[in-house]
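The structure follows.
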């Protein structure tokens, strides 16, 4: 799965995108986040505040319980501050 | 509907002309421009960097524009949102709405701004004398959006 | 506060620049422009003549501006109202408001427009193929003004 | 008293201003209007719809029961249609 990171989350993780092979038990965005947290402190810091986490799958905003597969592109970012 | 996500600055009169396109059936034009302020809280802003999600940004602005268009009898609308490094006094965002009715133009522009604050995939980072920090989303902005139902 | 009653056209960007005057502490700028439409009801408009009361007009615009200024935390405002012979597509009136807060800028601009409709000493006369007639005041406009309390 | 007329009222009366000496019994704007109506059909037509009549004295809007004297400047006009 291709994953994009933006803003504070990108900075914590230290990259703006990466390719990740999802383990079989991962079915939702929340599962992906939990899996990423197992990869290191930088991910744990990035996702430390679940309230400040937003996601998009294939360029559409989705809730964290949205189902994903390796074929999807996931984006993770904090609440937007546009306008 | 004219939507643009760009680094370049914009000229409001030129954008109004683009929207009018020579038409003489427009009764009311409302605009809103958001600017980088020199002070946020008590800190002097030296620079504001706007990060954005390129693949989604124009599409999300267009969705917000469509919501406004579905809700009010608009004759046209423009949304321009800048990204990149901006400085105090710089323009960030422009919304233009036009309608036969002034209330529709005003309400649609305000509605679009409220939605941009929470749904446009942009993130603001401020550089002050004390360092750089990401601007926090305001829960107040969610409420402003939600009042439109 | 910049108030002008004039026959000459205005340029919105130039008027925003006049209001900004190089300041970098402005967060939000709202504008409203009223235009002569080519059709009113089912009649084609050939010309609109705006008669005004010269001794009162600027003074009344300033009073309306002051009311808005007393009510919202504005950093500046502009009201320009044209008089004389205008044609479809021509600009009639411009309101610009600026504030740290977008809601204040929007509400003040809308408030000023609502008051201009009923309290600015101007009278519109339309020339159509069927002849000329004075535009009737709308009771609806009184209601819009009155909602501000 | 100097009286100014605007818009539809100006057109009915056929002039944009005139100097009028008020009779003694005239004390309010409404009295002035009643007096003017005695001067001819053009005035009666101008003031035929009291609901569509507004006044200013010395450049301030006033109600029709406002007191006036020969030293004041009165303006009479229909409801405004600015903006």
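For reference, chains read A, B, C and D in written order, and residue numbers begin at 1 within each chain.
The definition used in the following text is that a contact is a pair of C-beta atoms (placed from the backbone, for glycine too) under 8 Å apart; a residue touches a chain by one contact, two chains touch by 3 or more.
Quick caveat: nothing in here was measured; it's all calculated off a predicted structure.
Distance between chain centres (mean CA atoms), chain B to chain C: 23 Å.
Distance between chain centres (mean CA atoms), chain B to chain D: 49 Å. Note on chain placement: the centre of chain C and the centre of chain D lie 26 Å apart, centres being C-alpha means. The distance from the centre of chain A to the centre of chain D, each centre being the mean of the chain's C-alpha atoms, comes to 73 Å. Among the residues of chain C, those touching two or more other chains are numbered 34, 113.
Looking at chain A, no residue sits in touch with two or more other chains. Chain-to-chain contact here is organised linearly: an open path runs through the chains from one end to the other. Contact between chains, using the touch rule, shows up for A-B, B-C, C-D.
Against chain B, the residues of chain C that register as touching in their complex are 11-14, 16, 20, 22-39, 88-89, 100, 102-103, 105-106, 109-110, 113, 144. Residues 34, 51-53, 55-56, 59, 81, 92-93, 113, 116-125, 134-137 of chain C are the ones that touch chain D when the two sit in their complex. Within the complex, the chain A residues that touch chain B are 4, 6-8, 10, 52, 56, 59, 61, 75, 77-83.
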